[in-house]
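Common to both upcoming complexes is chain A, partnered first by chain B, then by chain C.
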Partner chain A sequence: MSLAEERTQTGDDSRLAQSAAHVKRNRRAYLLIAPAAVFLVAVVGYPILETFRLSLYRSPADSTIETFVGLQHYVDIFNSDIFYRLLWQTGRWVAVGVAGKTLLGLLIAVHLKGDIRGRKFFRTAFLIPWGIPYAISAVVFRWIEHPQFGYLNAILLKLGVIEQGIGILGNPDIAWLGVVVADIWIGTPFMAIIFLAGLQSIPQDLYEAAAIDGAERWHQFRYITLPQLKSVILMATLLSTIWTFVSFDVIWTMTGGGPISTTATLVIHIYQVGLQNGNLGLGAAYSVIGFLLLLLFAVVYLRVYTRGGEEL
Partner chain B sequence: MWAQLVAMMRENTTEEASGQTLDRRRLLQALGAGGMIAVAGCTGGGDGSESGSDGEGSGESGDDTQSVQLLTMGVGDNIKQFFEENNAAFESEYDVDVEFTSVTWDNARQTVNNRVDGGQAPDVSRWPARWIPQLVGKDALEPVDDLMDGEFGEKFAEGVANGTMYNGSHYGVPWAASNKCLYYNKDAFEAAGLDPETPALDTWEDMLAAAKALTESDEVNIPALGLAGADAIETGSQYYHYHWSHGADLVDDEGMPVVNSDGAVEALSFYTDLHLEHGVTQSSPLSSTRQDIRQLFENGDLGMVIGHVYTGLNITESQENGEVDFDYGIVQVPEGPAGRYSLFTIDTLGIFSQSEHKDVARDLIRFYFDEERRFQYSKQKGFLPVVEAVGEREYFSESKNWGPFVEAGQYARARPKLSNFSQFNDRMVQAIQEALADQKSPQKALNDAQSDLEDAMN
Partner chain C sequence: MAGHDEGGLRRVRVYGMLIALLGIMMFPFYAMFSSTFKPESEIFSAPATLVPSQPSLGAYVDVWTQTDVLLWIANSFVISLGTVVLTLLLAIPAAYSCARNDFVGKRTFLLAVLVVQMFAPVVLIVGLFDVISRLGLFNTYLAVIVPAAAFTLPFNIWMLYGYFKTVPVELEESARIDGASQLQVLTKIVLPLTKPALVASITYTFLYAWNRLLFVLTFLTDSGKYNIPRGVFSMVGALQTDWRMMLTVSVIGIIPLLVLFAFLEQYIVAGMTAGAVKE
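On to the complex of A and B.
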């Protein structure tokens, strides 16, 4: 055994011993979390493994027989135009949704941090959209945008801006915007509250020092607020990206993925293929791809934003 | 609280400067859990609101009283009391607990399939006849030939009874039937100078001419015609009237798609031209479900719409309550070059193979098919009577609302029984939308649909 190998062996033994000692020292803690861990494996681990397994089988809606097809579903997906259209529509939905929620959330947080009259009221009021069940908010927005019964069209007609009602959710070119507006309305309060918490943790001294040095408000925001908020923004946008990516109820309630599937995202398509049409194998394959995409995004996002040794 | 949380997050960040890899791993673990939502979303479960009621299964309740599960769909206020009273009566008469569940139609198919797949099928459930092949393919439905071939089966007209047959067996008892007619707003017709009592609405061209007259009239300020185009199953069922009456089919004798015939292209062209060329429809048909256009008509805000009998019943009730004040008429769905068709739908009441209480399930079915109960059901719910003796009652023949629908029985046509009809219909709706949005010509939209359907069904 070479010296290097011997050192490695010694190092491994040492680490094993440390691990064993750690487990022994914290045995009680491990025992206490064991039931939760078992539960987690049962309700999270099993469905995930089952999804991976299912993606390798063909299981039509009108049969109980599953046929092993290997990676055929994946081949079909990557060879279909639908997949790339879904990728584009999902990316558009997530990018615009998260950007909208982040910018509006930041704007609201900055203003709520200031010494404005009725601050407590506004802080509570801005939380309301987040507290309403998503499906209900979606129904409200669907009615607001309804071409015949909606407030939006009623107001525009009253003002003489339009001559007949516009069916935003029925227009293949703009329907997704009609849905994304609802999603931004729902998701902005969460971002605002997170950013507000982050803003309140920034030491006031920094602003005072900058003011003495003659920094204007924009420069204070640019060079103090944003850098200090970086880790909070990173975390919030990551969570928002995941939630927006897997968001189902808003789109489904407002448009069902239409018209002509222009508001369908990967998650909507998974539901349609797997559960509505009963093709569980293909739906599972789409699910696996969606999961891997999210994982890839998270890794790349973290690498880019923590480049240079910065921590979260 | 959030401030403290974020401050803690920031403190941990600076304290663990040497633990970058570990931080990432922890975060990725958390992300993984979030991302799994997308993965886990496909492993069944479905509608959470349903799962709670799925768990019990059928069986004996604690006090040894036998129980039977009855699942149905779309129980609104107009029929809720009917089920409550009759379930209670059955419980009392048979000493059996009825576990009654109602789901929305949007969730119906998924709910039943989830319960079947999970081994928790109800004992008895309502189920559209066109979806029977899908459940039969899973061996989920129990043949009820013993009921339908005996004295009980003689209650039904032959055509109705045959609607529950698949592969030579009855897989349910006819529970409800519906068909369509064309409603028109008499006040609007009169204002536009059209004959409100015997309007010329015999053919599609007649309907178009009337719609143009309504649209061009300065005295009428409501859209002339309701056109369904939203991404919903009913868009297909509204359109098929045009499709069939132009000599087009959906599938051939072998069950293969034939949706792009010349007749089909003519039909879809006519359908889309109503909006794109003639402009006689409500604005934005692509946003409108069948329910939207029905609601517009029931409010007096639409000139014509193809609808069920309950549209008339709803308007009559609103008139009695003083909520609307307009008169309406009902005529047959217009005729096309190849005839006249009224979409006919039969729902069945079926027994599931997994049921351990098939005898009680049969008792429940016999109970609900008492003639008086069937009369009350049809009258309150607004579905065509499936029991012949009920249909012969004067109430139906003398009613302004029911008469045209009874007459429309001769034009009845059902959608094909396909195991993947939902997928088939979705693709047809997409073609309709593509043509209505002027993204594709009717020919191209139907050719693409034909190609996709062939791939899906091969």
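On to the complex of A and C.
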């Protein structure tokens, strides 16, 4: 008997017996997913609940004494200037980061699409920045942007753009740009690979028809490529938004959130407050705000992912 | 002919653009590699020389004695391989079960798994800190392996689930009739047929564990257990940084990954595109 038939059978008293029978019949199936399910509940589910609980307590990391403070942490957060500054800094970090990754990724993909000799070589080469440790990428960019010995200053001096070496990461006004460049570099390959796969699934005859009509290349891109690629772009930028929002290793290694906290995002602040300063309660409250924002992205993502009632 | 010229011009434009883009994306690697061939006096000269004037391999001689790079590499392997094993042990049965059975809660389970992937570890770090200390895992490799496995599990389950579904049930049934046990069916028939998914899963998990700093930074204070990212991070000095050694360690730390990319690129790409591009 299929699941659907089973469900349509009526009779309230037999429902319990039926679900018991269902579990029994599928005992092996449940046993096989149990280890993964239990593991995820313990390592992800429980910490989520624990974070919510901790956010209601004053809980120093170096002490076992917790004091219930209710929503006090949240009140403090929403009344503090820091929170709004963090939102602004996180917003610009995500907006510029995702835009940069999308545009650069699209540019690479469009040029890799055609009949390119050595495409495998190019694709592998473009992939590498995505696949190496973020901390290593971060120190390399620190090195490039080094005020005295960095390559960037050497090039700019040679080109005559500047007359004196500039210190990007030490300057509160522009430090975040120095970091976001590294994050864009890391995140671009993913976009390029996804867009390339998307481009390759566009039927070639669409372009052939347009070529007969004499459509210019920009028009082809504007009226064929972009509309055909819409859902791929939506999915990729959504994922990229989530990943950029939670990007930690790069910022932490390049600036640690400084100078004067101008490169700190919400997740950097969570780490500073909760683990560095040992204020678990306040850190947990910031984390809950982070959850809610992530949940928002996740709901949109799932909507898009399961659109059209696709069978799982 | 005009058409031919146009095509030729277009090719030049495309390749020119590709090489320019490649140049931009490869520049950080160039900065890293070229700096490691400079002698100490040159690396700390301002402005920087873009090409080493007296290339030397000195840094690659010094790095073994002046840093713990070998230990960090070894730890990276322990952490990455441990994560791969734990993740597969959990993911294979779960994915197989979902691919072969229709049971109440399957959809919920698969969607919940997808949501886990959204929950980045850093927003969970305060709660995770609590779990790891309660489990008494601090300063053990498991303190890193357990959370890394949790956050690579979703990708693995979905990847393998997708592939397991494509293996015809008839193939398994006939093997069962021939007297094979269910475990034999899985290891001898299903897994070999889903090799691309397995390779993609393993590479993804390996890279994830190799590359992440957060868990090691938070849960391992014993410098004898540092992996490559944590080792590099520890070389960033507040006042002074030994850039020559740090960049050399970085180069050595990515060499295993470059080997991985060269051989497994197509699987990595297949894994990356699995989630976002659907037909």
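Note that in this section the second predicted complex is superposed on the first by the 254 of 312 C-alpha atoms of A that agree within 3 Å, B and C clash if a C-alpha of one lies under 4 Å from a C-alpha of the other, contacts with A are read in each partner's own complex, and residues count from 1 in each chain.
In the analysis below, a residue touches a chain if its C-beta (ideal position, glycine included) is under 8 Å from a C-beta of that chain, and two chains touch if they have at least 3 such contacts.
Quick caveat: nothing in here was measured; it's all calculated off a predicted structure.
Novice: Under the stated touch criterion, name the partner, chain B or chain C, that contacts more residues in chain A.
Specialist: Answer, by number of touched residues of chain A: C.
Novice: Between chain B and chain C, whom does A:Ile193 touch in the aligned arrangement: first, second, both, or neither?
Specialist: both
Novice: Touching A:Tyr30 in the superposition: chain B (first), chain C (second), both, neither?
Specialist: Touch status of A:Tyr30: second partner only.
Novice: Give one of first, second, both or neither to describe whether A:Trp176 is in contact with chain B, with chain C, with both, or with none.
Specialist: Neither partner.
Novice: Once the structures are superposed on A, label A:Trp93 by its partner contacts, choosing first (chain B), second (chain C), both or neither.
Specialist: Neither partner.
Novice: With both complexes overlaid on chain A, does A:Thr255 touch chain B (first), chain C (second), both or neither?
Specialist: After superposition on chain A, A:Thr255 lies in contact with chain B alone.
Novice: Look at A:Asn277 in the shared chain and tell me whether it touches chain B only, chain C only, both, or neither; answer first, second, both or neither.
Specialist: first
Novice: Once chain A of both complexes is superposed, is A:Val232 in touch with chain B (first), chain C (second), both, or neither?
Specialist: Touch partners of A:Val232: chain B and chain C.
Novice: Using the touch definition from the top, say if A:Gly165 reaches chain B (first), chain C (second), both or neither.
Specialist: Touch status of A:Gly165: both partners.
Novice: Between chain B (first) and chain C (second), which does A:Tyr57 come into contact with in this model arrangement: first, second, both, or neither?
Specialist: In the superposition, A:Tyr57 touches no partner, neither chain B nor chain C.
Novice: Intersection of chain A residues contacting chain B with those contacting chain C?
Specialist: The overlap between the chain B and chain C interfaces on chain A comprises residues 44, 47-48, 50-51, 54, 61, 146, 148, 165, 193-194, 197-198, 201, 232, 235, 239, 242-243, 245-246, 248, 267, 270-271, 274-275, 280, 283-284, 287, 290-291, 294-295, 298, 302, 306, 312.
Novice: Please give the residue numbers of chain B that touch chain A in the complex, ascending.
Specialist: Residues 2-7, 9-10, 13-14, 16-17, 20, 23-24, 27-28, 31-44, 46, 109-110, 113, 133-139, 229-232, 282-288, 292, 296, 301, 419-420, 422-423, 426, 430, 433-434, 437, 439 of chain B touch chain A in their complex.
Novice: Which bits of chain C are touching chain A when the two form their complex?
Specialist: Counting only chain C, the residues touching chain A are 14-15, 17-18, 21-22, 25-29, 31-32, 35, 43-50, 89-91, 93-94, 96-98, 100-104, 106-107, 109-116, 118-120, 122-131, 146-147, 149-151, 153, 157, 207, 210-214, 217-218, 228-230, 232-233, 235-236, 243, 246-247, 250, 253-254, 257-258, 260-262, 265, 268-269, 272-273, 275-277, 279.
Novice: Provide the residue numbers of chain A that touch chain B in the complex, in ascending order.
Specialist: My answer: residues 44, 47-48, 50-52, 54, 60-64, 146-148, 164-172, 193-194, 196-198, 200-201, 231-232, 235, 238-239, 242-243, 245-246, 248, 255-261, 266-267, 270-272, 274-278, 280, 283-284, 286-288, 290-291, 294-295, 298-299, 302, 306, 309, 311-312.
Novice: Note which residues of chain A are touching chain C in the complex, please.
Specialist: Residues in contact with chain C: 2-3, 19, 22, 26, 28-30, 32-33, 35-37, 39-40, 42-44, 46-51, 54, 61, 104, 107-108, 111-112, 114, 116, 120, 122-129, 131-137, 139-144, 146, 148-151, 153-155, 157-158, 165, 185, 188-190, 193-194, 197-198, 201, 232, 235-236, 239, 242-243, 245-246, 248-249, 252-253, 267, 270-271, 274-275, 280, 283-284, 287, 290-291, 294-295, 297-298, 301-302, 305-306, 312.
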